[in-house]
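One chain, chain A, appears in both complexes that follow, with chain B as partner in the first and chain C in the second.
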Partner chain A sequence: MSKKINRREALKTIGAAVAISATSFGVPTLLKAADTIKIGFMAPLTGFGALAAPYIQRPFELAVEQINAQGGAGGRKLEFVTEDTQSSTKGTIEKTRMLIGRNKVDVLMGLIYSMERKAALTVSIPNNKLLVYPTFYEGDECNRNLICTGQIPNQSIDKFVPWLMQNVGKTVYILGSDYLWPRTCTEHIEKAVKASGGKIVGVEYFPFGTYDFAPALLKVKDVNPDMVWTMVVGSDTSTVIKQYRSFNLKPQLVSNAVDEMWATFMPKEDLTGIISDQSYFMTRNSSANSVFVKAYQDKFGVENGLIPALAEAMYCGTWLYAKAVAKAGSTDNEKVVKAISQIQFDAPQGPVSIMACNNHMRTNSLIGKTREDGLFDILADQGMTDPNIPNCSL
Partner chain B sequence: MEGITYLFLNAMTVASILMVVGLGLAIIYGLMELINFAHGEFVTIGAYTLVAADLLGGSFWMALLCAPIVGALFGILMERVLIRYLYDRPLAVILATWGVSLIIRQGIQLTFGAKGFGVSDPLVGTMSIVGVEYPVYRLFLIVTALSIMATCYLIIRYTRFGLDVRTVIQDREMAACMGINTRRINLMAFSAGSALAAIGGVLIAPLGNVLPHLGLGYLAKSFFVVIVGGVGNIAGVAAGSCLIGGLETFFNYHIPVSLSQALVLILAIVIVRYRPQGIIPK
Partner chain C sequence: MKWNPIIFRFKLPPTLKQLVDERIWLVAFIGLAGLLLAYPLWADGYSLNLVRDMLIFGIVALSLDWLWGKGGMLSFGHAAFFGIGAYSMAITSINLDWGFSSLLGLFASVAIPGIIALLIGYFLIFAGVRGAYFVIVTLAIGIVSQQAAISWVSVTGGDSGLLGIPPLGFTLGDHRFQLDNSLSLYYVVLTVALLSLLFLWQLSRGLYGNLLKGIENNEKRAQSLGHNTSLHLLIVMISSAMLAGLAGGLYASCTGFVAPDLLSLMLSTEIFVWVAVGGRGTLLGPFIGAFIIMRLQQVVSSISTGLWPLVIGAIFIIIVFVFPDGILPFIRKFVVRFKLLFEKSGVKHGR
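Our next item is the complex of A and B:
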């Protein structure tokens, strides 16, 4: 047996490690100054969410740069600290605490996954800190300290389903990852499909990391629905779609989650022809969008220039916050929240604003079909829709 | 009838994946009685060999040839630098290999980035077999896995190296007394196991998405296969993978997938409880 570990040695080592990490990571990157606004930006930079993180990080940085170039928010420059949630609830909670307690940020922005949002809220709400969250999600948060800029089901599913029933067919088979978002969305889809006279002919959920979807796909083959609606997320997405294609299944693939990002991690030929509903597609034809896409690709290069709806929503959120601060003349939560529902931003997806009653954004509902280059042909532009959260009145 | 054929083919696909991944593990675990937590990372290394080949304009087939070499080289490196100093300390091996797995995973992430790679199917389309349409690549996977198993069986059964290996499995000290260089056998077994894992990685890659933590998902399953099947022999791996793969596929048809995976786990525990030596003991 080699060296025994004794308590004193262990304590010494741990103490040293803590001291080192405190000095190297603990230096506040922001200097306290009243003429700047400090944003705590959080993203899953490592772990399973790492592939999506750049799609909120880049638009956030672009927005900050543009806002500062115009003189900041109400004359105050924006500064930010970026923290990694490690794609985990534990990481998110720690980093949220750190940003609020140590870095003393004025506002929190970012996060992608529902569990990150839930984790951050457990810290930010008691500390009375505003969080600006960009992802489309299941749509049931109702809190004054949370601003959401992504689609919620009534803005995507409720608009998408009637279109599908009219243009694709009446029967739907649902495949989803086994967690909150797909399960909640399924409830919405069921309601919407029933209302349009269609029928759900199968629902199946898969644990993360499923590597063989064949049994479910062969059931789809048996049932032969008009469309298969996929809400399988993360890297499993690519697995399910590749296997769907390899079995040569005929039903139309549809989704409320497919966006431009996917072409970066799976073969484009497998993606071609999927119909999706999002608040934004890069190919949207408007002058505000052309300016946005050009600025984005000038800054990050064409090779990093894919902009999914998630990215555009992060961009909107950052701009809306800056405009609200300018209007309120303060970073005080109450004043900012009051101001944010009174301003409008000419976003790439169209003119957006925040509904005062639930702090969610009015978003567009675009229906697109994936082309061979991974971008979308826009089949329908359904216009701005108010977010609706039952029983929420802030 | 059609349903049964599909069930069989699907079960064989899953069993084939488990076989190639489990085989390497079984060799290392059975022969050296070492628990290699980095085994999953060798699967990842194999998959990334394919990604690298893809990026450099090479083909799937080239990667399939290169991967075992890359895997074996990494295996030799790991055995020479680390494992050989720890043969007498199996617990230390668990920690060390776990550490190595973290290093490899992060190394891959630093080299290739955290985002996944989608590799195109080398064989596209479906093909008619006993009355059903089945993806050609899956059939290729099944055939390849079975040939790898058969080759390994023949090597272990009929070659001089195989004889040495079997002797070492039976009694390491006695084998050493008889003049077998057990350390050399260890090195060869370790690199062979790593090479097999890397081949597994290449074969798995076209079915899904290649990510730095790809191998992790297969590690637990392949341990199961080895323990349920029986440690230290190839037939055990085949039996274990067919059982686990078959059960999983069968349940997936009838009950929710999350539940079926749990059920397979429970059944595996029950089997090990009543048959701790595995289905086919050595």
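Our next item is the complex of A and C:
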């Protein structure tokens, strides 16, 4: 044996090893904490929202990947934790508490349904955490800690109705599911129709899970309006449209809820010819959009490559947040919120920005007509529309 | 004991099984109560809120166990009573501008589900609706109440629910007492849970418990002995609904928010599972079931956000195979066997 192991030598070696491992593991983790931005992403991955959840999860992951590939937000990489809201308020509250209390995230993103948003806000507002929410909804939130990137009723209706009055006709019959969003939209439609000299000839609401729309459709046949505006949502959508087609009704079907997603759960031939207003259609012709669609389909495959307005809004929200953090140089809520209304993002739907007075996004108002393949022919690109929330000044 | 109404009297000599039952029950109860009372010493705010909500759902599970395990009637729409309680609390305390409005709300959250249970239960139970038919009708009650909460927008806030429920408390002159911190809310909920558990346990180990057991085993026989069985079942149903409503009221004031899915079939099913896993008819079991299942759900759903329902489903199947009667009865069976083995002489058992 040429070399003897003695205690002093061994202690020295161990000491050195400990010191080295402390510097190589301990210090970088300390740096890491300030070096990354932690996002808590929530979606209804199970339950009745499970079909829609991928349409916010995929664009979110794409945006995070792209932002990180460009060096992160203000030099800080984004990392995220995904949680399932179980499509319930109870699940949403639990997960929001966990993301804030245990995971210590810097910001919350995602969610689809209004009740999920409301549930998350009951936790996030007292904890002073920002929430970025992508869905088009009834448009009554006015809070500094909430950024919304979907269309609110005035954005999908104010420019759409005059166009309809000019190109389709003057009389409107409204069919909607019986809940807040269709009711709020109806108020807006009534105002807009009156202003452009048209007339609402009937409004009807249906409880969720209605199987038989025949009585209402017979009335529609009787009244024979120029158009029928449907805001029937969920699985009832396919029931009402199928029955509408089987009655062979002449009035033009219009909506501000129909998007590319619908072709995945109902026959395309029934959808063909519906006119819809959305902030984004996949078929929009712009260089930013073609780059976006290509990146999306490269990452998730063409079979998962359907991008409805909801997905694009989630993508916008993630990018806008990253740009705001870069501008603010901090993830501090107040600074981010101040910065986010001063930046612009060249989104697939056009250049988008956040309106300072209500924290909602200026969205496009595109009018499209459903084709045989479930995508949309764009009839009019009406440009950016300001979100309008009465009595809101943040 | 001066005050000794008939329902609290313990008349028959206990069997070994009952003795073991009660001993296990008391040990488990005291152990859990002690643990929960001391929990705030080391828990952070987040965990405290988590356990508080679990306790609230444990109370709902307890109320179902009282109806199903002791009364022998399974309600598959029990979330309806919970949700109606939560909505009663929310609507009363938001719309009334009065110093005691949140306390009145809590009262409403007990009274309104009680009245609804009285109306529905009267027509069902006195008409002889039992067994599977009772299950089906309660299922419908759940669905109807959820639809009402979604459609009656002006009162219930519709699909997006009601926000801004004030915390429990009252204002007297210039003084305000409010329970708005996690610690005091935790102890309020814990007190309600322990008291309701002890009360129902005491009730069911006395003559009243024997009567209910008799009704469950053979209602005709109980009737022929002169008992108005429908009346007793109605009382059980009303008290169960009131307890579920109280839990709903507490939940609404703790989270400050109610939404239609608090009345959903999904939640009703979950409550049923908590009771079944913990052990039907054990009263303490539903709390254990609710704790285990909710915690499992939270942990597994964070590990695999997409596949967790499959994992939870598999765990349910395993639980049903290993503990067909639930966790608590499994432990009891184990202890009884153990005792019989080592104390063959000594205790006289059987009558």
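Rule of thumb we're sticking to: the second predicted complex is superposed on the first by the 362 of 394 C-alpha atoms of A that agree within 3 Å, B and C clash if a C-alpha of one lies under 4 Å from a C-alpha of the other, contacts with A are read in each partner's own complex, and residues count from 1 in each chain.
To be clear about the criterion, a contact is a pair of C-beta atoms (placed from the backbone, for glycine too) under 8 Å apart; a residue touches a chain by one contact, two chains touch by 3 or more.
Keep in mind the model is a prediction, meaning the values are calculated, not measured.
When the two complexes are overlaid on their common chain A, residue A:84 makes contact with chain C while staying clear of chain B. By the touch criterion defined above, A:267 lies against chain B but remains apart from chain C after alignment on the C-alpha atoms of chain A. In the superposition on chain A, A:115 makes contact with chain C only, while chain B stays out of contact range. Within the superposed three-chain model, A:379 lies out of touch with both chain B and chain C [touch as defined at top]. Of the two partner chains, neither chain B nor chain C is touched by A:249.
Judged by the touch definition given at the top, the superposed model places A:295 against neither chain B nor chain C. When both complexes are overlaid on chain A, the residue A:97 reaches chain C alone and has no touch with chain B. Using the contact criterion defined above for the overlaid structures, shared-chain residue A:357 touches neither chain B nor chain C, since it reaches no partner.
Applying the stated contact rule after C-alpha superposition, one finds that A:183 touches chain C and leaves chain B untouched. When the two complexes are superposed on chain A, the residues of chain A that touch both chain B and chain C are 46, 178, 205, 207. Within the complex, the chain C residues that touch chain A are 44-46, 49-50, 53, 147, 150-151, 153, 157-161, 163, 255-257, 259-262, 264, 266-267, 298, 301-302, 305-306, 308-309. Of all residues in chain A, only 46, 48, 50-51, 53, 178, 204-207, 209-212, 214-216, 218-219, 235-239, 242-243, 246-248, 264-267, 269-270 touch chain B in the complex they form. Here chain A touches chain C in the complex through residues 45-47, 82-84, 86-90, 93-94, 97-98, 100-102, 113-115, 117-119, 121-122, 138, 178-181, 183, 205, 207-208, going by the rule given at the top. By the touch rule above, chain B contacts chain A in their complex via residues 6-7, 10, 13-14, 17, 109, 114-121, 124-126, 133, 135, 137-138, 204, 206-209, 211, 213, 217-218, 249, 252-253, 256-258, 261.
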